[in-house]
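What follows is subunit A paired twice: with subunit B in the first complex and subunit C in the second.
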Partner chain A sequence: MSVADDLAYGAEKAAVAIAAPKAAVVGRVSLAVHVVLWAAVLAFCLVPLLLVLIISFGHKVEGAGWEWALTLENYKRFFVGANWPAESTSLYLGQLYWSMRYAVSAALLAIVTALPFTYLMTRQSRRAQAVWLVFLLATVSLSEVFSVMGWDIILSNNSGLPMLFAASGLTDWLKETGWFDVLRDWGLANPRNVKFKPSEVATVLTLSYLVWPYAVILLYPALSRLDPSLAEAARTMGAGPWTVARTVILPSVRLPLIGTTLLLFVFLLGAYVAITVFADPSQHTTAVSVYEHVRGSTLNAPFGAAQSVILLVTATAFLLLGQWLTRKAARPS
Partner chain B sequence: MLRVLGTIFMSLAAVVVALPIVIVCSAALNGGRTMFFPPQDSTLARFGEFFISEPVWTRALTNSVIVAIGAATLSVLLAWPIAYRLWKTGSRASALLATLGSIPFAVPPIVFGVGLGFFWSFMGGLGTITAGIISHAVLFLALPLVTISIGLQAIDRAYLDAAATMGATETVTFRTIVLPQTLPYTISGFFFALVLSFNEFIVMFFVSASAFATVTLQIFNSLRNGYTPTMAVAAVAFIAVSIAVFSAVARWGDLPRLMGADQSRS
Partner chain C sequence: MCALALKDIRKTYGDARAVDDVSINFPQGELTALLGPSGCGKTTLLRMIAGLEVPTAGTINLGGRDITRLPAHRRKFGMVFQSFALFPHLTVRENVGYALTIAGTPKAEVVARANKLLDLVQLKGFGDRQIGQLSGGQRQRVAIARALAQEPEVFLLDEPMSALDAKLREEMQVELRLLQQRLGITTIVVTHDQREAMTMADRIVVMAKGRVEQAGSPQEIYQWPATGFVAGFIGRANFMDGLAENGKIRVGDVALALPKPANFVNGASVQLACRPEAIRLDAAESVNRVQGTITFVRDLGPVRDLHLDTPIGKLVAEQGADQGRNHRLGDTVYLTLPPEALRIYPRVPAELQTGMDAK
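The block that comes next holds the complex of A and B.
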């Protein structure tokens, strides 16, 4: 195996070095560094994930913790419910559906708005680009709790937008024109005023906000390498700006576009705070359920682990799908 | 016409990105216990509470700083030999090691957090600051790995050849050429890990097991009781740190290059 190869390489180096005493010390140190590195990476990067996988087959003891086991009951509970075949539930599958639904809509919204932005950004001077990057990196690294707090203040019913709507007379105008009933149908209004909490719109907007700077940062390398002379040539030949965007720019960034969308999607699958704050409890996601089962009131670690595995498998499946799409798109047609 | 539209679009995007942050930050000025926007009876008293007088927050802030600095240092120390071996030998084993080291950053944080929670409860470190530092170091290992690799690739091979011709040993070459040339990239990697560790909370939530709290964790725990202006002060402090750090990276390092910009154009 490659681990063995690597160790053998170090050992070989050490063996050769025995001739010269000083070099022997260096060789032994190098071997030691080697072993420590492999041990650290395997222990801390891989073992935790393996533990999740193993514990997902564990058995929950009623009224106590859980024990090691090799049962599929946690997976059965996820897909058809614990009491199947007597009764079945799609509660957990439904949560996975909402995970994917939020992640897909938020990722698409972010990518569609980030693409033109990034394109315009890369056409600016290098200095301006650096300023934009500092701004975006600062916002993207800001903890999810702060941005969600901000949107919560903007969208909550007692302050922010709904109050602004009522105070400015916009609510009354909406009622007169009949749009208010449409908003009620969409779940964006209560009998008296507009409301954005809880709603799917607010959830998707906030999630999309969270990943938007990531989208720009991920698209940035591809777009900054785009040769401007191509677009200029197309313009000289009389193509309109939309034609240029559709026929020159979009095809040349197709691959990074697919890749970025998938990365955003995977990132969003694990989103937690925004969902608990903005989504209706009936529309909560698998990530929320994992949290509840591992640390929350129910305390069922094996089931939480099983849901984590399913989340991870979903993410990996989409990444593989993306790789396959990319390879297919890269092949000349 | 199109230029104007472009400028409007970019300004609009900047406003939307900044809006919630500006609102949270201005809420820090509130005199009362509730968050209002615009703030009512503006005061800076909340800043004193956060940084000096409220033990809950000062303790959380100390923990955040310890974890962030410890984790960033540890992740750079781990990333250096991995990146260096990959660059030096290009062997498949070292490539595998680098890939394995980047896995934690790539999986959804809640999954890795759950795994680390199990891991530390078996190892007996659950709820200790040390476990928190190691967990974050591993989680953000990918960042210094990437920046240091970019730095190593930027070294002109001609220098190395010249050093080899003149009989420099690997140690001397490393000290006189490799280390100085990659220093800005190492520092950038350190700061990326530092800022992300400062702001991370879901992995820390599972690792801390409520035995200690960082600032983000403290805020997350108090989400149910509603927001207080003191939390907004934390937001101000955090965004200030992020902007300072990334401006420093942009000033002394090559930020567009780190983010993958084309080198031929400027």
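The block that comes next holds the complex of A and C.
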């Protein structure tokens, strides 16, 4: 069952629970509850979304705000540039590419590290598991700004790890062994010392840190339900630890694994703070561009809205792809 | 010949001793049942044999080789788990061929061998099914076939019947026993069901509180239980507390005779056990004869249980349905406890018993 199915099932159950009571009065009450629920969904979800969609077809008035219109100029600007066909630019497509590249790398990094951690966690005592889960939920409640600030300090060139590298002589050692040049090639060093800001490594690291607790919490139910005797059975048949992981544990949790990766990916498409702090401006993402156009110097709300719609469509496309993959994986081979 | 030998095996979790100084020899080609109530350490013992747990002390010897610390995947003892532990992401054939596949056996060979094994457990033609499409009994057969695929030296089964319904369980017990005899493979079955152990085993090892209470053939254990615990756990028994008195045992006001004078000093506290089916009603003998009132009749079809109030305590007597006259509730009857059917055990006072457990 996919996450979306799960949610639908939950909603259905909730609806049944609300509708279940018997008398006509209760029936009327449940109708009222339905009306209120749907009104809330409309007011808080659908209307803002529709507004963004409508504004994305609006027209920007130079030196002023924007006016209602039905123009495709914002979409044209995104895909080929405003002055097409005279000249074309792939600036905004490039930003979408970076959005996806960061989101994919960070989601994969988080999953790859969270999976073994969560597996080992589920083999602990109930008490230890509870402590870990509470701790992880607590870190989730930290704001993105706060976490990014922490990483900013750790990775900053003057007071963080690079300073530690220089002071401890690690930088000199790297220069002697030739690794320093390799790091320079990777954009992780300036002529004098290692540097992490700006860099893709720091961006992906921070992004994956942000979603890591979600990865653990999303993988936890599936892994804790995994019957330990499956792994033990494999061991009695000659499977070493790696073979057990590859042939038993991974295939058993492939559905939640796909689902979790997709959720993290979609969540990361909208990341903003970490990108502005750690990514090189030439590698900024669509989310950053949306903010700059809506709130920043240009005040071009229609173009910002168009970019939002494109980001949303991208996310939806990936969720549908995930659904398809999940169904394919669930189907008996 | 002895295939597998456990010597002084102990397993402790903190202060608790799950398995306490157990030494058992498992003869080649025989089926041994580890029998005991839940929590007696039988599953822990089996897991140590499989290599899934490491003993705190003691050695495990396989054909002269010390394998105490050999990890499970190097032992390759086929094991059937209580939950069967079939891989839901693989088909029946892939499950059965798992051990061979990960060992790098060519695919055609794996398929051929898996098919042969499925044939052996009467699941011909089920190879392409998903595990979810199988019934409980079929799953168990797959689990057995899968455990046998690597031709293990020792075949281990942990409560293999507990997930099956009563009728299927009896059928599978017979079937598993026939399969084991055909293959001649050294087998260890963990069970808490004495009927299951009696049906399948060449030898039964009765365990309680981490220790071996008795090991022997099913009939030995049933006829000559070594301890009061075994007498109570295997089959049913009437227990009576008494005192040794001039070679007889005094229970209440009645002195019960034994086949030969009891080897206890006068006044020693003892426990007598007598199987319900050994008690005879309205028999001619006058030895060990007491009067009793029927307080309850439990008619089970082939046999009837009579619950009796007697001067030596409450007793249960099992009668064949066609045996004697039709006893009714409230009737007064004379019952005889044949001396040769009485088993006598030293009675350990409760406070001493707990002292021994903690040791």
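Following the convention adopted for this analysis, the second predicted complex is superposed on the first by the 299 of 333 C-alpha atoms of A that agree within 3 Å, B and C clash if a C-alpha of one lies under 4 Å from a C-alpha of the other, contacts with A are read in each partner's own complex, and residues count from 1 in each chain.
The rule is simple: contacts are C-beta pairs under 8 Å (C-beta built on N, C-alpha and C of every residue); 3 or more make two chains touch, one makes a residue touch a chain.
Remember, predicted model here, so these are calculated numbers, not experimental data.
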{"item": "Contacts of A:V41 with subunit B and subunit C, given as first, second, both or neither", "value": "first"}
{"item": "First (subunit B), second (subunit C), both or neither touched by A:V33", "value": "first"}
{"item": "Touched partner set for A:S252, first subunit B, second subunit C, both or neither", "value": "second"}
{"item": "Larger contact residue set on subunit A - subunit B or subunit C", "value": "B"}
{"item": "Contacts of A:V182 with subunit B and subunit C, given as first, second, both or neither", "value": "neither"}
{"item": "Contacts of A:V52 with subunit B and subunit C, given as first, second, both or neither", "value": "first"}
{"item": "Contact residues common to both interfaces of subunit A (with subunit B and with subunit C)", "value": "none"}
{"item": "Residues on subunit A engaged by subunit B in the complex (per definition of touch)", "value": "2-3, 5-6, 9, 26, 33, 37-38, 40-42, 44-52, 55, 113, 116-117, 120-122, 126, 129-131, 133-139, 141-147, 149-154, 159-160, 209, 212-213, 217, 220-221, 224-225, 241, 266-267, 269-270, 272-273, 276-277, 287, 290-291, 294-295, 301, 304-305, 308, 311-312, 315"}
{"item": "Complex interface listing, subunit C residues touching subunit A", "value": "50-52, 71-79, 81-83, 85-91, 98-99, 102-103, 130, 146-147, 149-150, 156"}
{"item": "Contacting residues of subunit A [partner subunit C, same complex]", "value": "227, 229-230, 232-240, 243, 247-248, 251-252, 254, 332-333"}
{"item": "Of subunit B, residues touching subunit A in the complex", "value": "2, 6, 9-10, 13-14, 16-21, 23-24, 27, 35-37, 78, 81-82, 89, 91-94, 96-97, 100-101, 103-104, 106-112, 114-119, 122, 134-135, 138, 141, 171, 195-196, 198-202, 205-206, 216, 219-220, 223, 227, 231-232, 234-235, 238-239, 242-243, 246-247, 250, 255-256, 259-262, 265-266"}
